[in-house]
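All chains are identified by letter, namely A, B, C, D, E and F, in their written order; residue positions are counted from 1 within each chain.
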Amino acid sequence: MNSDEFNALLIGRFQPFHNGHLEVIRTILRDCDYLTIGIGSAQYSHTFENPFTAGERHLMISRSLKEEGVQNCYLVPIVDINRYSVWVAHVASIVPPFKAIYSNNPLTKRLFSEAGYEVRASPLFNIELYSGTEIRNRMLAGKDWRLLVPKAVATVIDEIGGEGRIKDLMKGLI
Amino acid sequence: MNSDEFNALLIGRFQPFHNGHLEVIRTILRDCDYLTIGIGSAQYSHTFENPFTAGERHLMISRSLKEEGVQNCYLVPIVDINRYSVWVAHVASIVPPFKAIYSNNPLTKRLFSEAGYEVRASPLFNIELYSGTEIRNRMLAGKDWRLLVPKAVATVIDEIGGEGRIKDLMKGLI
Amino acid sequence: MNSDEFNALLIGRFQPFHNGHLEVIRTILRDCDYLTIGIGSAQYSHTFENPFTAGERHLMISRSLKEEGVQNCYLVPIVDINRYSVWVAHVASIVPPFKAIYSNNPLTKRLFSEAGYEVRASPLFNIELYSGTEIRNRMLAGKDWRLLVPKAVATVIDEIGGEGRIKDLMKGLI
Amino acid sequence: MNSDEFNALLIGRFQPFHNGHLEVIRTILRDCDYLTIGIGSAQYSHTFENPFTAGERHLMISRSLKEEGVQNCYLVPIVDINRYSVWVAHVASIVPPFKAIYSNNPLTKRLFSEAGYEVRASPLFNIELYSGTEIRNRMLAGKDWRLLVPKAVATVIDEIGGEGRIKDLMKGLI
Amino acid sequence: MNSDEFNALLIGRFQPFHNGHLEVIRTILRDCDYLTIGIGSAQYSHTFENPFTAGERHLMISRSLKEEGVQNCYLVPIVDINRYSVWVAHVASIVPPFKAIYSNNPLTKRLFSEAGYEVRASPLFNIELYSGTEIRNRMLAGKDWRLLVPKAVATVIDEIGGEGRIKDLMKGLI
Amino acid sequence: MNSDEFNALLIGRFQPFHNGHLEVIRTILRDCDYLTIGIGSAQYSHTFENPFTAGERHLMISRSLKEEGVQNCYLVPIVDINRYSVWVAHVASIVPPFKAIYSNNPLTKRLFSEAGYEVRASPLFNIELYSGTEIRNRMLAGKDWRLLVPKAVATVIDEIGGEGRIKDLMKGLI
């Protein structure tokens, strides 16, 4: 790949996409031409940890980026595979070519580093508050979660009945 | 899904993305708010039929749409599964919610129709000329293929050494 | 599916099939023409949680229903898949067409409900006593478990050496 | 397995179940106590070779056997796996225990024979006429196929719109 | 298999191969002509429990056996599959034919015993000290682990940067 | 991998291992310290193209190399995966680290070359005569095939009844 563009990669589960993610993306884009956003654990949905399908998450992110005027992002769902020795090749084959990955996960950093990619620390923004777990817990408890996500995300969650799904899934389990 | 937006789905292999695809997308977008472009057979690459990875095809399409000023598209790689009875559910879980699919393939039409989706005929543009097979054959024969694809596609193919890959793969086989 | 028959679906692991299951089936059949009994987690066997193969469980249920004169049941082993977004399509493709599912599991209820099926609460019968876990624990402890299962189930377990299998599997682990 | 019952196994694709299959089953049951009918290639559907899902085929066979008063059969869908060295173990784990298999297929005979099972030749009944291919071709050509299948099979095919499915799938392909 | 050779099977994870494994192998080889060493959980690597790839473990064992003059061993990586009912057939198809398995694991013993193989207790050597867990913990803590493994293993771990990999993987997790 | 050893890789199906393979290995070993022999298509067996299991092929090769005094080889079965973009990572994770691959296959050469490995042409020896297809055809036709394989291979084939297997598999098919 001889492109002059500097394309970086960021992988998250985005359950759901929130204001912290948005800030991370904005920050990274100051240093890169393009950012590929990998929607990880793409095969999972309908659990408390992973309530939303990859398609629903794609829509949340696409609309948020449009609404916020963030450009130059590629969105790609990425299915987990549990053979770490082929993980980098798996990812590299389904995302546009990239030169660096932003991550704070020790395994991810090690794997991409062994494969010869530049690894950069991912910026962090108030990770106790801007957290998927926090948001899902608030949905379950009937507390306000809308201020933690872009307006477009709240709209998507309403359209798909996301709050009801999370409450249904946990019925009788808590 | 109660959105007022009308999102349609189009699935292709895009080996590579060409001017015919671009015209199909432009035509469909006259009737829809958003179009999800599914990059099919996403797991395949490095064969004559499927030379380019899903990530390379993602880049070809993304850059072409930007270059041509085509907006309101979602790109999603879609891995083939060979159980047709779950194919629609598989697709529906990884793409943003959609209301209609554009297709001329009898199997695709039947499956989405049985699942309750609206099925529309996909527009066609000079399918002998604007054809992945034609383009790959021209690459192999050293003939001009660049006039059949958006400029951005030719650039990506050059960046990844696509012509050399196709010639190498067929060495001694033809 | 335009059949006049009302076919319902019930999914369980049946490790092993017991008197509680039998009562549930009898009760459901008062309201349905046919009941498909899905033998879930069909790929598992030889663990304490899932000691019996799908085939062994099929035999337990088939013989019990015959012995007890219960008719109008279809038996189908169902392999787990861990993508909940395609779970309903997976099940629907391997069982005879059905109109309602009996379940008390929040996830199952949510998934089939999202897919447009009627979901009914499954009847319950003394679930502390009539429980696979209770029966397996009794086998392990050498206590009487035979009174909790149909006679045909005890016969199958004897024929396949089921008690010895469970004891062997837990040797040194408890 | 120390049962006194003699259970045999027969595997077919049953696309669809026809009068020839019915005669084979009746003939085998003269020599066995129970017959397990394995519905092979269970994962396939919606192609010309395999138009019907495993669940639809289960219903065809169940209703036919009931209508014809054939008893003592177990029905089990069997998903293909393409590793022949584990095929017998795969089958044996999902069907009730059996002592012999009826087959005329060289590979099936060899595999079960290597694994120590008794292999018997399957009886044959007018295999040019009573053939899934013949029936599907007649459906496609609008010729009479109903006389080749049990009445219950024709009813199921009508209920699921089977003729229309086959014609749709082949539209433009023949 | 009518060979006069007595070939036995031993399966381990060998994360990493250590002096205890070496003694087990030497002891078994006094009673057998050949020993197949199955490298289990072959698909895993880059975790604290399974830091080394199957290929790296293959090299550790091959070089150690050569260095120590141990002959008559076959090495075969074995990928885990989670269907125990086909586990024996899976293993038997990828290793040279064998007559007995050495194991102390209840599940392994039960499965191979049900399949008709001779099962022998595996010899044990100071299992607190010669333990993969102990060695990995020492690597992490910066303590001496080299005295617990054959010299060839230490060399391989140095060549692949094994200590750094384990420390990296656990960074921030302990 | 900083080893001073030069380890190369050779992948074949070895159905069966023959004198041509043996010569290739001997020739390669003149230029390398160690050679990893990958037993490809490891999951297949019991077809005319792939009659022998990976384990049987492992035994054929192991005994032949011992008999012929060929040292410094590592044997590794390699299961096919049909995603070429991860093929090199898949192979690299299950074989000992290597620096070059010997191959004449255009796809294999291209894939390993893209991944940065040295690719060398594999030596060839009378490929019409020393050919798996030729040997299997001779077995089927009852002609002499023993002169084309090492003595150890003929012994293994006799021990496992290999000729009978091939004839059985083709019964009625030719």
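As a convention for this text, contacts are C-beta pairs under 8 Å (C-beta built on N, C-alpha and C of every residue); 3 or more make two chains touch, one makes a residue touch a chain.
All values derive from a computational prediction rather than experimental measurement.
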| item | value |
| --- | --- |
| Chain pair among A-F, C-E or B-C whose interface repeats that of A-E, sharing over half of the contact pairs by residue number | C-E |
| Pair with more cross-chain C-beta pairs in contact, given C-D and B-F | C-D |
| Rounded Å distance between chain E and chain F, as computed from the means of their C-alpha atoms | 24 |
| Geometric centre distance via CA averages, chain C-chain A, whole Å | 38 |
| Approximate Å spacing (C-alpha centroids) for the pair chain D, chain E | 44 |
| Where chain E touches two or more other chains at once, by residue number | 45, 53, 83, 85, 92-93 |
| Pairwise touch network: line, ring, star, complete, or other | other |
| Which pairs of chains touch, using the document's own definition | A-B, A-C, A-E, A-F, B-C, B-D, B-F, C-D, C-E, D-E, D-F, E-F |
| Chain B contact footprint on chain F (complex, rising order) | 82-85, 106-107, 109-111, 114 |
| Contact set on chain D toward chain E in their complex | 83, 85-86, 88-90, 92-93 |
| Chain A-facing residues of chain E, complex | 43-47, 53, 165, 168-173 |
| Chain B residues touching chain A - in the complex, by the definition given at the top | 1-3, 42, 45, 53-56, 58-59, 62, 74-77, 79, 92-97, 159-160 |
